[in-house]
Each structure stands twice: as structure tokens, then as C-alpha cells.
Amino acid sequence: MCRWLAYSGSPVLLEEVLLKPDHSLIDQSLHSTMGAETTNGDGFGIGWYGDHETPGTFHSVEPAWSDRNLRDLAAHVRSPLVFAHIRATSGSPVQQTNCHPFRHGHWLWMHNGLIGDFTRVKRELVLAIDPELYPAIEGSTDSEVFFFLALTLGLEDDPPGAVERAVGLIEHVGRVHGVAHPIQMTVATSDGASVWAFRYSSEGKSRSLFYSTRVDTLRAQHPEVAVLQELSDESRLVVSEPLGDLVGAWNEVPESHYGVIEDGQDELLPFAPQAPG
Amino acid sequence: MCRWLAYSGSPVLLEEVLLKPDHSLIDQSLHSTMGAETTNGDGFGIGWYGDHETPGTFHSVEPAWSDRNLRDLAAHVRSPLVFAHIRATSGSPVQQTNCHPFRHGHWLWMHNGLIGDFTRVKRELVLAIDPELYPAIEGSTDSEVFFFLALTLGLEDDPPGAVERAVGLIEHVGRVHGVAHPIQMTVATSDGASVWAFRYSSEGKSRSLFYSTRVDTLRAQHPEVAVLQELSDESRLVVSEPLGDLVGAWNEVPESHYGVIEDGQDELLPFAPQAPG
Amino acid sequence: MCRWLAYSGSPVLLEEVLLKPDHSLIDQSLHSTMGAETTNGDGFGIGWYGDHETPGTFHSVEPAWSDRNLRDLAAHVRSPLVFAHIRATSGSPVQQTNCHPFRHGHWLWMHNGLIGDFTRVKRELVLAIDPELYPAIEGSTDSEVFFFLALTLGLEDDPPGAVERAVGLIEHVGRVHGVAHPIQMTVATSDGASVWAFRYSSEGKSRSLFYSTRVDTLRAQHPEVAVLQELSDESRLVVSEPLGDLVGAWNEVPESHYGVIEDGQDELLPFAPQAPG
Amino acid sequence: MCRWLAYSGSPVLLEEVLLKPDHSLIDQSLHSTMGAETTNGDGFGIGWYGDHETPGTFHSVEPAWSDRNLRDLAAHVRSPLVFAHIRATSGSPVQQTNCHPFRHGHWLWMHNGLIGDFTRVKRELVLAIDPELYPAIEGSTDSEVFFFLALTLGLEDDPPGAVERAVGLIEHVGRVHGVAHPIQMTVATSDGASVWAFRYSSEGKSRSLFYSTRVDTLRAQHPEVAVLQELSDESRLVVSEPLGDLVGAWNEVPESHYGVIEDGQDELLPFAPQAPG
């Protein structure tokens, strides 16, 4: 599968979240310990919000561990909201248009997992995408089809509801086609202000997902960790697997839940797919 | 647009048809004189038939003029039937899955031109593709959709008829959506035994297409040209623009015509799109 | 050969200087009108100074006209000092380590032109490079060897003198080896504060080089051009060929001269190679 | 480090040795069990001898496991002598010119291991390369410098002697510069007729190297294994780690030994570096 990371908080150089942690995402591209595959070398991508309404993205088919442009970009770009994704393909070609995060307008989307038996259900799912949105599909992955289904079903107005409806549709179509486990997912999406992170799978054995403890709490517990002094209280990471092993720093998102990271109180709520009416 | 070449005849090293001619296809990638664009640097591909029923393909996103693997491959692979294509994208991404020739089973397909206003008609055309074939689409080009329409409409049994029906459908859908000129095309396709080459456009101003004079005729006219001594009488090239300027060597395919190159007598026949019933 | 651009002035989004001008550098990658080649499709690179002392670089082997990451990067990165270079190789491989601008510490360097008969003189020139610097050479171009010779001969302390000594050495070694025209060059280099731009060739027929007229002058002449309102008086471009055709905007650097762009008065001075003692 | 394979024997489709074995080299690119690294994803290369005196090579910066061109090439190219190499860089950039096998004239060369502290000794080693050969160096790896040293010291006339002299020189230069373990290596080289495979390291703990048992012996032991019926008695594989686990099929090359595979009796002989006079 894949590994991903979402950061929201004080503006940081991308390298602070991508490269410098002990068990960084780049390190995970070679040595993932909790992923379905230990190597995530089938391209990668980053997305970040800056001055523009539209976030920037950088996609590469090279393994993240050897991409020299990534290191330079990460050392020079500063952002308060960063997505990063390293890919282990479940079959679709390694090409930039298949690299996450996907972007539509000011939305970003990334996914770890898969739509079960995708070649069997792909056509019916693509048909369910809004014809106005259809021409904007650029790649050939299940993850991008999932994103466009969520956009079709209201992502921009009601992200959790739209993802619940998209998952409900994927499960419905899958079951019609005899797919035992139609979806396996952790997903992150953002409009540049909030981040929503979902953990769910049809079989109830979802890929791992963790969120970091509030910075003010960590700072009180670990006054010796310098980087914590520089981050705002509300800075938060959501990750496929923990970066480093700071005691008390990581909390697992429970099965069938999603989190919302935004100004004010973050929330952790139950996630329930909504079958089509 | 693009430039392409199809060769059928005595087995030759690929470099004999790809690299050595004066105004070779590789030269045309930098300096096309008859193309809509002088530079065709958005990737390239070659296809060749060998021992296998399935032809080999090699696709690259690098410009053909600088690809070092192409030169080595061309110097070491020998084939009696070769397709080659250099791309100038009309908008879809530069990635291997968008490089011609496309392959399905033992069929190859390549296209110069475009489906007019493709984003407007893409969804309806994709819907017309056989659902069994649909999951085999790998890229995002108009040319590959065109190939899958032809496959859907009988390419494997009746290539000229299938292409006439596919073009009829594309013109019909285009006109329904208000597209003035729904298609512009030269196309080559092969099953490994015959080659079919088509020239057509909705506006009646098609991209150029040439076929070479029979080798026995050329040999009689040009006894001094060594390479002609080595080729079988029936060896034939079909090209977007002539390679070199050997007098008498090149003949233009007329507007709205197609040629068939095969064992026995080659043919040049009128092409007429067939609108859907 | 190649085309390049150097910008110094008010911080701008890279796209303002790279993509938006009428006859932008990206446009020149397909349609150069003053270059030795019309196509500059053998990779490209950009360098920019930001918060760090070390400038960022982004190198790609794709043609600049189709690189999607470049567009995103250019839309999101802001800098007061930008280098950009599009490459048409004179023989060395198309790979990131051969893309300009080259970087060493906080210095950037880019070159249009060539060292004549480079394979004949390369070893002797490489031997003249400081052994401490030698392991930092990453690619195989004449331009990078030229950069390391300039570093060896004092670039960091006296840029014009070091370039004059490096050119003197290249001419000396070339002539010893019977090379008629040992060097052809326009070069730009920067330490992040000043930009030096050189025009010279052994044969006295140097590649073109232009610098923009002072913004305050242009603004007075062209009150209707909006972008001029936003730039500081001292903002300046140096380019291989003019971007657009604003009357009075471009001035040719004379043969065997170099310019210095820095805080205060810019200067245009004669350039004379210094033969080794 | 890296993994490699050399095949000599009955002409085979490349896929027979590259892709079809249980624990194939491509499989090892993701899951090496005996390598210094489990992932060998920093590019790969193949070389093969055909009709030409000069062997063909194919180099790619993509991981071997996802390269689509490799699969097609391997299914269509047939050769009696094949080299293949998957790379895990010890620092030099991932680019085609750093991919093994390296070629010079009709010689191929590939290396697993490293020259210790290469940046410290590189300049002195490069200086020892024949100035006539120097301009033919294309990449920046220790392995290519090692190849050019062997060429300089007589590879084409006396391969084992030349490699012993090259290793002697590398050890001498390394020790002068205080390098504890100047070389770690398994190397294969060929002129298209014979293959020489070396195992050596300064510290006496060399990377693994295996050669296959003679086909006639294996065929007698395993009459049920179909592929053995098709191979000539003298067909032979030399590999970094065994492909599959056929009992009796694999024999370790002892420390400080090299093997010669050629028409007639193969040989296994001691290897002793020769210090410069």
C-alpha cells in the first residue's frame, strides 16, 4: 500500500516534517514497519498551501529516498498545511498522474488502501462521477476515482458526509459485483483550512492511522525537546505510522472513525458509510 | 501533432528505418517540416513484431532525439514489421501510458491528429467502449479511446469497417456536442501480418501521409542505392512525411483513403465514415 | 546551445519571470529565435535564493515546456534572485547532474556556449581544479568544469577576475591542443547578493546577451504597463534573448563585456581573459 | 549495495533468466535476502550480446520491479550472454550513466560493492586512467572508475591480471589515504565469448557470489525440471544470491577467487591483488 502524512499548524519548512524526524516518511519509503509493504518506492507526492488559494503539488515517479529535487524543495518551501504521500502501487502504472495527493480547485486528497477488485467495478464507479467533473480525471488509480466520487457527492460542502456517501456507493457497487471487501482506506483531505482524516475498511481491519498529541501537552511532558518550543499549541500531525518514538506523542485513530483538525477544538467522530438511497 | 512511421517487409534492424534515413523520424522529432509542430518532443514509442504473437513495445517520455536506450534497442532488435511514433501532445500528460503505439493483444495502433474538443465528448465516447475492454485503457489520450472504439466496433474482424464505424461514431458524437471538426487523423494499425493506414479528417484537410514506391521499381530506377538491393520487393514504408528525397520514392495517400499492405497486392481504397445506425 | 535568464529585484513569484512574459524562457524552449538551436529540450533547471544562505535548485530532464512540477513550483515560490536555464546539449547526457544552474555553497552558475573540443582538453582542465573541490563535481559537462575552474581561481573573492583567469586557462589549454576557438560563452553567476553576467568568445562572435532597462526609466516610458508599477526601480533581468518586444526595454551587452547587478549603481565593464602566468 | 546476474549458454529470452525464476533478480530488487540492503531500487541495467560485436545495453533509473519497458524487452530479446544489475546506490546520483553494466567497445562490466572512502581517493584513481580512455567516462560511480582502471591495466588482453592490478592499485591508493578497507567487490566482466567473475574484499569478508552447477549434472539429478531439458550442458549462471532453491544447483565462489566461464572447461582460480611496482 502506501504511507502518508498530513501536517497542520505553525508554518514550517517542509523538511521539518518530511525529512528530519527519526522515522520520517522518507525513511518509511525504504523501511516501513507498519505498512502492508516495507518498500514504498513507486513514486511520491507532496501538496502544500501557501499564498495562493490553490495548493502547490510536486509529484515524482522516483522513489522519495533518492529524489534530489524533493530535498531542495523541502529545504526552501514553508507552509502551515502539508500533505505528503509515498506510493506502493497495487497495479496501476507509476506515473505522475497516479501520484497523490490529488488536487481539485483548492482541495487535496490522499489515500492509503484500495478499492477491492477495482477493474471489475471501475466503469460503474466512473459512471457515477459528475459528467462536469469527469474530464478532470488525469490518472488511472482507484484513489483518484474515489476522490471524484467524493467531490460528486458533496465534498466541498460536507466532507464527512460526502466521504460516507462515496464509501457507501463503493461498497454497494462492490457487493453487487461480488467483491468481498470493497474498500480499505485511510484518507486525508483538506480545503486549506481544515484537515479531515478517515480510517475505515469494509472488513473492519483498517490500515493504521495515528494523530499526534497536542503540542502544549507534549511540551509539558517533554520540556527537553527543542522543536516543541517552536510549534503552536494546535500544531498537529496525522500519519500512517508514527514518526519516532516520543512517549505519549502518538494516538491511534480508532476503527471506523475520522478526525477533524481545525482552528478551535479538534474532534474525533464515528464514521459510517451511507448506502445510496 | 505527431509523426509516425510503419515498416513492413524484409526483417531489418530497427535502426535501418528509425535512425539511418536522411530525414529520419528521429530527425523529425527536432525538425519536422510538414507537421503541425516542428518539435515532436513529448515522448515516443516503438512497436515491433518478433517471435511472439504479442508485439514488443518500448515507450519513453524522453524526446526521441536524446534517448540512449532507443539507439541501443534499434541497433539490436530485428523485425519485419515496425511501428514508430513521436509525440507532440495536444494537452494530455507526457507519460508512458500516453505514448503510441498502443497495444491490445497482438494489435498495434498509432494516430496523428486529434479528436476535436476531446474533453467535451470524452465521456460519451468512453461509454461507447465495450465494458469488457474498458479496464484495459491505461492512459488518457483521445488516440487510445479511438483505438478502443475501433476494437469495440470490430477491428479484429474487419479493420477498415471498424475504423469507418469508429470515425462515424466520433463524428456523430462530436456534432451532437457542437464540435465543428470532430476528427483529424492519420492512423496505422496492424495485426502482425497486414498493415492498414488511414488518412481522413472531418474538414477534408487531413495531415499528410505517404507510402513508399515498390522496392523492385525503385531498384530499377536507382541501381546505385545499395540498401535497395537488400530489401524484398514487397518491403514498404508508410510515413507522415518522406524520409529523404529519393526521386520517385514517395507517393501521397489521397484524402479520405486508406492503404492495405500485405502479402500479395497492396491496395489503396476510399475511406468513408459510417454513422451509427 | 542553451537559453538562460537571471532576475534580481523585488521578490516575485517565479512564474512572473519564467512563464508569464510573451516570449518567455519556457516558450523559448520550443521556439528560440536567437539561439544556435530553435529547440532547447534537453532538460532545464532553476535556482533561487530564499531564507537560506544556500539557494534552492530544481533540475529536470524533461523539456521545460511539459514539466508540470515546474508550473506548480513557479506559482508558489517567491524570490528576489532567480536563475533559470533551458538546455540543448552539445553531447553530454541529459541527466539532472548536467542541468544548470550548478550550485556550490551559496554560489550559482549557468552557461550558454561550450568549451571547444571538450573531450580533447577535459582531462587537463579537470586536473587544474583544486583537489579539495574535485569530489564535488557531479556531472559531465564542460560548463560544470568551467564553474569549478572559476571556483579554484578565486570566484568567491573576485568573480570577474576568477572568470577572466578561468577563461584564460581554457584558451591556453585549448590552443596547446590545437583548438581553434577554445571557448564560447555567456555566463551568469551569483552569491545571492550580486549577479555577474559575462559575454565572451575566443572568436569574437559571442552568443547574444541582453539586460533590461532600469524599471524607473521603463515606467516613465510605458505608464500603461501594469507590472512595471510593482517592481522596484532596481529590478533587472539579464537574458539570452529578449522576453517580449517592449520598445526600449532591452539592451545588448557588448562583445567581451560583463555586467554587475547589485545594490546601488549597476556596471558594464570590459572583459579580458587572463592567461596563466 | 547491489545485486547482479550473468548468464552464458544456450540463447534464451532475457525473461527466462531475469523474470521467471522464483527468486528472480527483479524479485530481489524489492526483497533481497542476502544483500547489504533489502531494497535495490536505484535504477538497473541489462547488457546482452547479439549479432553485433558491440553488446546492447538498457539502463533505467526506475526501480526494476516497476519498469514496463524491461518486461517487454525481456520478452522479445534473445541472447546467449546476458548481464543484469540492480542498484542500491552508496551515494552517487541515480542516473542512467551510473547504471551498470558499463560498456566499452565489446566489453561489459558490473560491480557489487564499493571503493572505500571514494571521495578521498577518486582524483588519484582517475589520474591513473589512460588519458586516451579518460573522455569515455560518462558517470560518477566508483564502479566505472574501477572498470576504466582495469581497461587501462590490460583488461582486453589479460582480464584476471588486469583486475588484480586494478585492485592492487586501489588498495595501494586507499592505504596511502588511510582507508581501512579500500575495496569490497564482486565483479563480472565479459568480451562476449567468456565471462570472468571475481569475489574479493580488502577485509576478507566479501559479498556473496554463487555459480550454478553444470546443466548436465542438474538434469541427471532433477529429470522433472523441464527448463533443464532445453539448456545446453555448458549453460551457466553466476549470481549475487541464488535464484530459487533447487537442491544442488548453487555453489559459492570462495573468498578471493574468480571463475572463468567459456567454451570447454570452466575454471575457478585464486585471486590475488597485485600492488603497483
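Going in written order, the chains are labelled A, B, C and D, and every chain counts its residues from 1.
Quick note on the criterion: a residue touches a chain if its C-beta (ideal position, glycine included) is under 8 Å from a C-beta of that chain, and two chains touch if they have at least 3 such contacts.
Since the structure is predicted, the reported quantities are computational estimates derived from the model, not experimental observations.
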- Message: Of the chain pairs B-D and B-C, which one is connected by the greater count of C-beta contacts?
- Response: B-D
- Between B-C, A-B or C-D, which shows the same interface as A-D, counting it as a repeat when over half of the contact pairs match? B-C
- How big is the gap, in whole Å, between where the Cα atoms of chain B centre and where those of chain C centre? 41
- Message: Where in chain B do residues touch at least two different other chains?
- Response: 68, 93, 96
- Note on the structure: Listed in rising order, the residues of chain C that touch chain D in the complex are 93, 95-97, 119-120, 122-123, 126-127, 131, 134-135, 137-140
- Query: Which positions of chain B touch chain D when the two form their complex?
  - Reply: 48, 50-52, 54, 56-60, 68-69, 72-73, 75-78, 96
- Query: In their complex, what parts of chain C are in touch with chain B?
  - Reply: 30, 38-39, 41-42, 61-63, 65-66, 68, 89, 93-94
